[in-house]
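Next come the structures, one after another.
Each of the next two complexes has chain A plus one more chain, namely chain B in the first and chain C in the second.
And then the complex of A and B:
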């Protein structure tokens, strides 16, 4: 501020705007980031659970279960996430409240966090089903047959054989899904949940420094992506231990 | 003599175990299994009850707007997929075979586009660039200004860049996957580099990328409703307008979901037709 040149002053103004304490909006952005990460983690976890069930249903289920899983994955993957979020968000909260009222309880307010996790998890589950189904099918058939020959029960086989040996095939797809989950949290801004993108827009709208704040938020999202890539690389190396590297295997 | 014996030996199992096309019992009567018929009946009942018990009286008032929104969604989808693909080819080529000075920026572009949400990119362009432009008098005076004041150029730009970023990565793999021998023999025929790209490299890369291209086109369709957040009137924003005007929540959203399902079906069908046009045996 002291010296007269223009660039340091502009820079210090930016730093004031981005600082985490009240005159700046950095704190709001970081809080939004935490919300985004919470939702992404929850949705990804829920997606994994739905995906595992869905994949088993599609591979080993009865014809009815197989068809129902097929309808679920087809519809969820063909309709835009934004439409699904609105539909599930309004319809879901409305349905729960109607059931509660009908059975004599009071209406409840469903927190944005829980609703966001459930809605995104439902969407993620459809994609995870396809990823895990492909990975389970990629397991060499002999391993499953050997496990059956040893008399393993289905749950023991799942724990000891299927899940560990499908992991290297599923990881690239699951890593992709995790990145989609982090980015899809931005869609909850449209239903008014204060995650990173909405916090950014509010900060930008108040201070009129649109470019600065959107760039800062973009950088935060990019950092999540790059950091996730490093972690995923480590996990993939661990899961593929003892197997030839991807390049050699070709 | 030994040939004759070998021939008869092969023929016998062929005659005793004839392999017919519909020998697979699962495929024989796929649609007449009892649980499928019941599922279809339930589906028809759901659609019928949606038609009879939900409110559709708003539909005639908004039919013009809906058609306009549908047209704009399809138009934005087509133009951004086309422009994005044109941009993705050089991006993929630069990453697969370009010098480092081109490959590194191309890789960074793809990483940045793929690493940030589309909604944020859209808002950055519309609110960010849109708020910067009016500060410069020469932009306000230029002939582009009437367009820059509207929302759709930003929507088209953001969706094009997004598609190019995702597709550039796909094209990189497709270009790298074309067998070396094909390119070497093209060079041995004395083709110039551009001719090789036009006749050999690009067609084979596109053929490799085609299934992924179809998936990306569906993803692009699913991204188009985001343009409603920057005041472009597409199919999605017509539905939210109906909701605001009439306080009817579910009907427009259900119609919207059905509309997107149908468009997705058409995209998948069209790409399958294109894939069938190309002979699938490649060297």
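And then the complex of A and C:
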């Protein structure tokens, strides 16, 4: 057997195409993956902050705050995400620039990364509000009452009692939101942000190796999910530290 | 020494043998919508008093206790704790709420509440439950709080369970842990809201024993209870509530020995 015939011709061509340095496109895919992860992390974090504020607003806020939070979650969850992304991305950056111009400042270029995080974070926040609201309501009220009875201030109670107690109830929903965030980054391809899906499309379009590159991208998305499952599993085990396992209680 | 003598003779302090007032409640009313649960209840507890509140369900005894640390806002009436009047403001709808949240938080952090359903924080171990308020509300050093917490757990017989989460403890153990949590704040007054009502009968004794020991060492306590025999043994003063008013009150031997009101006679017959 001659050298090189151990790896069939077709396979070696694939490896060349996937190699991380040119002429391979692997580097572009990995760069796209990093961008996707950055946006997903940023958007998820922003969603958590908005969600916490939204949940507290809906549960304990004044009638005005409750109404505002209600309008926010209803509208964001009613409009297709793709529409929201187009709307917020183009209309949002346009609005900011108009305001800047009107007040005598220069137009600015809003980076795709920041815009992506803000747009997806705004969407995530609406879903997180509902997940966290449900989780806070699931806390045994006696524990909250005990915190009040011992003189905890509202912020201390939130930090020491409410948030840690609601975590076990919130985690399954939050894990869903995180996985949705990683995949929603693909929607940003429509506004020309070079995340994993757009990079894949470019690589596939240029080389005509559609199957190869979309399979590779699918594999990368799958790896994110598998890795996330391990992390979420650990966090959930820690968050449920005071709770007997469901199987024992059966 | 001359100096210390001068301090001890305080003209503002009453020179009687009477202890200082820890809790003074006057003419307390509480209304839930159309239902008036408390119709003018008054109480004075001095240091060392053990006041037992008894009465049928719906008599208002638990509500009264919960008004004292403002878990419920009284509709009207005066509450003075540690000689400090709690300021209230009207909510514009016939009720009122505390004017100063910080005052309420300060007062609460000196009242050790023990609940019917224990209400230990499930995400913390027993020791963490006990040191939580000293460290995070009262600002005690963590090491000092742990030292005190370990002593208290030893007192209630739970040293071995310090690192166990509440869900893995029996009801009696949880309630004894909750008592340790209340003691950890060095409370001026302990408030017990039916501490044994959620317990299996065989676990009641261990909790009552801990409470009786506290009474013996002169702790000031308000105790809402259904355990008449226990109230008779540990209380220095018993109040019988019926339909939101104090129907009869006095020393336990008088109240249980020779009840005057027909309702109290009947109540004692039905529960004993």
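In the analysis below, the second predicted complex is superposed on the first by the 238 of 250 C-alpha atoms of A that agree within 3 Å, B and C clash if a C-alpha of one lies under 4 Å from a C-alpha of the other, contacts with A are read in each partner's own complex, and residues count from 1 in each chain.
As a convention for this text, a residue touches a chain if its C-beta (ideal position, glycine included) is under 8 Å from a C-beta of that chain, and two chains touch if they have at least 3 such contacts.
Since the model is a prediction, treat every value here as computed from it, not as a measurement.
Because the two structures share chain A, they can be overlaid on it, and in that overlay chain B and chain C fit beside each other without clashing. Superposition on the shared chain A places chain B and chain C such that, viewed from the Cα centre of chain A, they span 90 degrees in steps of 10.
Once the two complexes are laid over each other on the shared chain, residue contacts for A:130 go to neither chain B nor chain C.
When the two structures are aligned on the shared chain, A:86 is found in touch with chain B, with no touch to chain C. When chain A is checked against chain B and against chain C, the one touching more of its residues turns out to be B.
Of the two partner chains, chain B is the only one that A:225 touches; chain C does not reach it.
The minimum CA-CA separation between chain B and chain C in the overlaid arrangement is 9 Å, rounded to the whole angstrom.
By the touch criterion given at the top, residues 69, 71, 101-102, 104-111, 113, 115, 117-125, 132-133, 136-137, 165-168, 185 of chain C touch chain A in their complex.
Residues 63-64, 67-68, 71, 75, 77-84, 86-87, 90-91, 94, 179, 183-187, 189-190, 197, 200-201, 204, 208, 210-211, 214-215, 217-218, 221-222, 224-226 of chain A touch chain B in their complex.
Listing the residues of chain A that touch chain C in their complex gives 140, 142-143, 145-153, 156, 160-161, 164-165, 167, 239, 241-244. Interface of chain B with chain A (complex): residues 33, 35-36, 39, 111-112, 114-121, 123-124, 127-132, 218, 221-226, 229, 236, 249-250, 253-254, 256-257, 260-261, 264-265.
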